[in-house]
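Please go over the structures that come below.
Below are two complexes that have subunit A in common, paired first with subunit B and then with subunit C.
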Partner chain A sequence: MTPNVVILCAAGMLVSAYLMVGQKSLFTTIRLYGLQSLLLATVAVAMAISDARPHLFVMATMTTLLKGVAIPLFLMRVVDRIGIHREIEPFLNVPASLLACLGLTVVGYRVSTGFPEGTVGVTHHVLGIGLSTLMIGLFLMVTRKKAISQVLALLTVENAIFLIALGITSGMPLVVELGIFFDVILAVLVLGILVRRIVDRFESMDVSRLSKLKG
Partner chain B sequence: MVHDVLLALAGALLQTIGLLAAAPLLRGAIKKMKATMQLRKGPPLLQGYYDLAKLFRKETVRSETASWVYVLGPRIYFGAAVAATTLVPVLVATSPLEGAGGILGLVGILALGRFALAIAALDTGSPFGGMGSSREMTIAALAEPALMLGLFTAALAAGSLDLGAVVRGGLVPGALFRPSDILALSGLFVVLIAETGRIPVDNPATHLELTMIHEAMLLEYAGPDLALVEWASALKELLYITLLIDLFIPLGIATAIAATPLAVAVAAWVAKVFVFAVVITLVETTNAKLRLFRVPELVAVSLGLGFIALAIRFL
Partner chain C sequence: MTLLVWTLVVPLLTAALGGVRAPRKVEELVIVSGLSVTFGLCLATAWQFLNGSMPAAFNDALRVDGLSALVLVLCGFIGLLSASYGVGYMRRNDARGLVTPRMRQEFSVLTPAYVFATLLVSVSNNLGILWIAVELTTLASVFLVAFHNRDTSLEAAWKFLMLGSLGLGFALLGTVLLFASAQGVLGEDLSALHWTQFMAHASQLHPFTLRLGVVFALIGYGTKAGLAPMHTWKPDAYREAPSPAGVMMAVGMMNAALYCLLRVHLISKAALGPDFSGGLLLTLGLLSVLVAVPFILIQWNLKRLLAYSSIEHIGIMAVGIGLGGEAAVFGALLHMTYHTFAKPVAFFSAGTLAQLHRSSDFTVIGQGTLGRAPIASGLLLLAALFVTGSPPFSLFFSEMLILRAGFMGSHVIATSVFLGALVILFCGFAYQIGRLVLGDRDPEHTSTVDPETLDWGVGVTLVAALLAIVSTFYLPGPLLGLIRAAAAVVSEGA
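Showing the complex of A and B:
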C-alpha cells in the first residue's frame, strides 16, 4: 500500500513540474507549487508510517503548512500587490521547453540508476523522479524572465532535493531539516522583497532588463 | 466454439446498447453538476434524452449543395463510435470482440469517425464548417499520438495490445504502481478533455461560432443527422472515461460471468464514471477556456507526458 502511495505522489510531483513548464499563468504556477508541496508532504507521511520514522511527521506538517499554504499565499500577495502582467514570458516557447524537459527527465531517470540505492523498486522511481524534477526546476530557473517564476523554480528545486533526501537517506536529522526550512522561509521573504525592489526600479519583473544599463 | 461466438456477440450487443443508453445521462449529469456549482438550476438530468427524441422526430433538412459525403458523415461517425465500444472492456475483463482488434484498432476506428465528420463538414462549403474541421484536425493531430503513447504505456505493462489483456494485467494482485502510470493517466486525461471538447480546450455550451471547435462542424446539421452526431459524441465521452478506468483503475471489474461479480462490476463502473464526471466538472468550472493558439501547447504537454511515461518504462 505505502509504496503505491509514495510512487503516486512522487509521480504527481513530476506531473505538476511538467504543468508548470506547460502553462503561462503566474497564479496557476503558484498553485501548482502548493500542490507539489502537499504531494511531497504525503510522501513524507507515507514513508514515516512504512519505515517508522516519526520525525518525518514533523517535516510533513511543516511542509504542508509552510510550503503548501503559507509560501503560495505570500507569493500570490506579492503578485497581487505589485499588480504585474500575470503571464510568464519564457525565453523559450512552450513546445521547445517541453522537449527539453522530456530530455531532462530521461537523463534524470538514467542517472538515478547509477546510485547504489537507485537500481530497484520504489527507491529507483523516487530517485528518478526527484532528479528529473530537480533538473526541470533548474531549467525553469534559467528560461523564465519573471523574478517570481524564478523564485518558484528555486522552490521546485528545493522540493526535489527534499524528495531525493527522503528517497536515499534514512532521514536527515531533524535539526538539519529544520535549518533547511528556515533557509527556505528566509529565501522566500528576501526574494519577495527583492522582487518588489526590482519592480520599483524597472517597473517590470523581467530580470533580463537587469543586464541593461540604466542612466 | 459456436457457443463462444454467440456469447461474444451477445456481450457486444448488450454492452453497446447499455453504453448507448447511458451516454446522454453522463452528459446530463455533468451539465447538472456544473450548473449546481455555478448556483444555477440547470437543465433536468434527462434533458439529453429529450433532445435526442426531439431531434429524431424532426424532418431532415439538408443544404442544397450537400453531397453524399455530407449525408454519410454522421452515419460513419456514429458507426465508428458504436464499433469502438465493442473493443473496450466495460464490466467484464475482456472486450466483447477481442479478436477483432486491440488498441490500434480502437484508435483507428475513432480516427475514421473523426475523419468522416471533418470531411462532411467541409462538404457544404459553409465557412464555419471548414473552420471547425481545420481546428478539430489541428488538435487531433496532437491528441491522437498522445492517446496512442498513453495506451502503449499500459500495453507495455501487460505485454499485449489487447485491451482485455491489459485490464487482466492490471488486476494481478500486488501489482506495483509505477510512475509511468500516473504520467500516462495525466496525459490521457488531457486527451480526454481535448477529444470530448471540454472547457480548457473547447466549450460544449458555446453559441459563439468563432470560438467553436467541435460544434462548428455540426452547425449545418439538423434533425436526425444532428441527433446521431450528438449521441455519438456522448458515447465517445463515456468510452474515453471507460478506457481510462480500464487502463488505470480496473479494480472491481468482473472476471467471471456470474450474478455477484457482475453486480459488483456495475456498481464499481458507475462509481468510477461518476468520479471522473465530478473531476471533469471541477476542471470545467475552475478553468477558463484557453485561447485557440494555446490549445496545441496544452495538448503538447499531454504528448510529452505520454512520451515520458513510455520512455521511463525502459529506464
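Showing the complex of A and C:
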C-alpha cells in the first residue's frame, strides 16, 4: 500500500507545482505551497513506515509545522499587510508556461533514469517528479515578477530538493536536516523583511522595477 | 572546550554583545576587541596544527587540516581588519548624520556574525555543516548589502539574496547527490557526510550520481564565490554594501567559497580523476577572467570596478586549481593569501574616496582626486598596482607561477587566452584608476568634497597597506608553512 501512497503524494506535489504556474492569486499560490509541503511530509511518513526509518518522522513533523503551517501563515500576513493580492501578467503567458513545464517534466523523468536506483519502481517516480518540480520551480523564478512569487518559487525548489533527497537517500542525517530547517526559517524571515522594505520604498513589489543597477 | 570551539564561540558572543544597545565607544570596543581575540584564537589554532596535532571537535565534524588552517587564519585576519575600518567608517558617517544608532547596532551584530559564519565554513569537515555555514554567511550579509536602505541597495540586496539562495539550492542538491553517491558505503549518520570519509572511500562512490552532484555543488558554491556566469550579484552588492562589509564579501567570503569549491573538487579528483572537476573549474575561471574584461574597460563606478577585479581574481584562482599540478595549486593558494592582503587596501581607500565625495560614481567623484584627498588617492594608486599584479608586488609572482605551470602543462591554448585577458585587464584597471587619481580636474566639475583628515579609517588603511607591502617581500615562516600544508592537501588529497 505504501508505495502507492508515496507515488500518489509525489504526483500531488507535481500537480501543485503545475497549479502554481497557472495561478495569479497570491493567496492561492501560498496555499498551494502549503499543500505541497504537507504532501512532502506525507511522503516522508509513508517512507518512514515502510522502510522503518524513525528519524524521518522528525523531518515529517518539522515539514508539517514549518513549511505546511508557519511559513504559509507568515507569507499570508506579509501579503495582507502589503495589500497586493495578484500577480501581474508574468513574462510568459499561462498556456505557454504550462507547455514549457510539460517539456521540463519530460526532461526530469529522462534524467532520473541515469541514477542506479532510478530506472524502476517507486524511486523512478519520486526522482522523476523531484527533478521535474525542481525545474518548474526554477522556471517560476525566472518568469514571475512579484517578489512574493519569487520567494514561493524558491521554496518550491527547496521542497523538490527534499523530495529528491527522500528518493535517492534514506534522508539526510538528522543534524544536517535540522540545520537546513533552521536556515530555511531564517531565510524566509529575511526575505519577508526585505519584501516589506522594498514595498515601503517602491510602493510595489514588482521586482522588474528593480532595474537601476547595470554594467 | 577546545581551542577550536572557542574560536567559533568568541565571534558569536561578540555578535550577541553587539546587539546590546550601548554608547558608541563601548560598541566600538566590543567589536574590535572581540574580533582581535577571534583572530588570536585563529592563530593559536593554526599554531596547534603546525605543531603536529590536528585540532578537531564534535566527532571530527569540525577538523583543521592545512587548507582549513590557512583559510581560518585569513578569514580571522580579514574580520579584524574590516571591523577596525568599520569603526572609522561609522564615525565618519556619524559625523554626517547618515547613521542611526539602530544602523550602528545592526552593523555590530552582523559583522561578527558574518565572521563567525566564514570561520565555520573554513573548519567544517562535514559537507552538510559546510552548506549550513555558507547559507549563514548569505543571511548575515543580506542586511549589510541593504544597509543604507536606498532604492539601489534594496535592489542589490534582493538580487544578492535571490541569486545566492538559488546557488545554495544547487549546492544543497549537490550535497544530497554526493551523499546519495555514497549510499551503502558510508552509512547514514552524520559522519557519512564527512569529507574525510568521502576521500577514504572515493573509489566506491557511484560515478553518475557523483558527477551530477559535483556539477551542482561547484555551480552552487561558484555562485557564492562569484565565478562567471553566476557573478551578476557581485557588482551590485559591492557598490551598495558599506566598504568594511564589502571587504568581508570580497575576501572573507571569497576565500570561504573557494574552500568549498576545493573540497568538492578534491572528492571529485579522488573518485573520477583530475580532469572532470578540474576542467569545469578551468572553464569557469577562464570565463570569469574574460567576463571581467569589457566591464572593467567601460566601468562607471569605483566600487563596481573593484567587484569586477574580484571576479577576475577568483577566476585566476580557479584557473590555477583547474590546471592542477603542484606548482599551479601552490600558485593559486599563494594568490589567495596575497589577495587577502592586497584587496583591503583597495577597498578601504576607495571607500574613503567615496565617503568624501558621497558617491562612488566616477562622474560624481571627478578626475584628479590626488589634489583633493592625497592620502586615500595615493593608497588607491598603490592598491591598483597590487591588484593588477604589477611587478615587483606580490600578486605578480603568484600569477607568474600559475602562468608558468599552465604553459608547461597540457592547456597551452587556455593559458594563452588567460594571459591575454590578464594583460588587457591590467591596462584597463590601470587606465581607470590612473584617470581617476591623476587626471586633470574638469574646471566645470563642482562636487562638494569634504576635506580629508587623518582619521581612524585612514589609519587602518595605512596599516593594511604596510602589511600588503611587507607580505610582498617577507612572508613569515609559519604562514608559508600553512600555504605549503594547504597545497599538500590540495595536490595530494591528504
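Note that in this section the second predicted complex is superposed on the first by the 207 of 215 C-alpha atoms of A that agree within 3 Å, B and C clash if a C-alpha of one lies under 4 Å from a C-alpha of the other, contacts with A are read in each partner's own complex, and residues count from 1 in each chain.
Keep this in mind: a contact is a pair of C-beta atoms (placed from the backbone, for glycine too) under 8 Å apart; a residue touches a chain by one contact, two chains touch by 3 or more.
If you're wondering where the values come from, they're calculated on a predicted model, not measured in any experiment.
Trainee: In the superposed model on subunit A, is it clash or fit for subunit B and subunit C?
Mentor: They fit side by side.
Trainee: Figure out whether A:106 sits in contact with subunit B (first) or subunit C (second), or with both, or with neither.
Mentor: First partner only, subunit B.
Trainee: If we overlay the two complexes on their shared chain A, which of subunit B and subunit C does A:98 touch? Say first, second, both or neither.
Mentor: A:98 contacts subunit B only, not subunit C.
Trainee: With both structures fitted on chain A, tell me whether subunit B or subunit C touches more of subunit A's residues.
Mentor: For subunit A, the partner with the higher number of touched residues is C.
Trainee: Quick one: the Cα-centre angle at subunit A between subunit B and subunit C, nearest 10 degrees, please.
Mentor: An angle of 160 degrees, rounded.
Trainee: Quick one: classify A:73 as touching subunit B (first), subunit C (second), both or neither.
Mentor: Neither: A:73 stays clear of subunit B and subunit C.
Trainee: Which of the two partners, first being subunit B and second being subunit C, lies in contact with A:65: first, second, both, or neither?
Mentor: Once the two structures are laid over each other on A, A:65 reaches no partner at all.
Trainee: Which value in Å is the smallest Cα separation between subunit B and subunit C when the structures are fitted on chain A?
Mentor: 19
Trainee: Where on subunit A does subunit C make contact in their complex?
Mentor: 114-116, 134, 138, 141, 147, 150, 154, 157-158, 161, 164-165, 168-176, 179-180, 182-183, 186-187, 190-191, 194, 197-198, 201-202, 207, 210-213, 215
Trainee: Would you tell me which residues of subunit A are touching subunit B in their complex?
Mentor: 3-4, 7-8, 10-12, 14-15, 18-19, 21-24, 94-95, 98-99, 101-102, 105-106, 109-110, 113, 121, 125, 128-129
Trainee: Can you check the complex and tell me which residues of subunit B touch subunit A?
Mentor: So the residues of subunit B in touch with subunit A come to 176-183, 186, 294, 296-298, 300-301, 304-305, 307-308, 311-312, 315.
Trainee: Taking the complex as given, what residues does subunit C use to touch subunit A?
Mentor: 126, 128-129, 131-132, 135-136, 139, 142-143, 146, 149, 151-152, 154-159, 161-162, 165-166, 169, 172-173, 176-177, 179-180, 183, 188-190, 192-193, 206, 208-209, 212, 235-236, 239, 295, 298-301, 304
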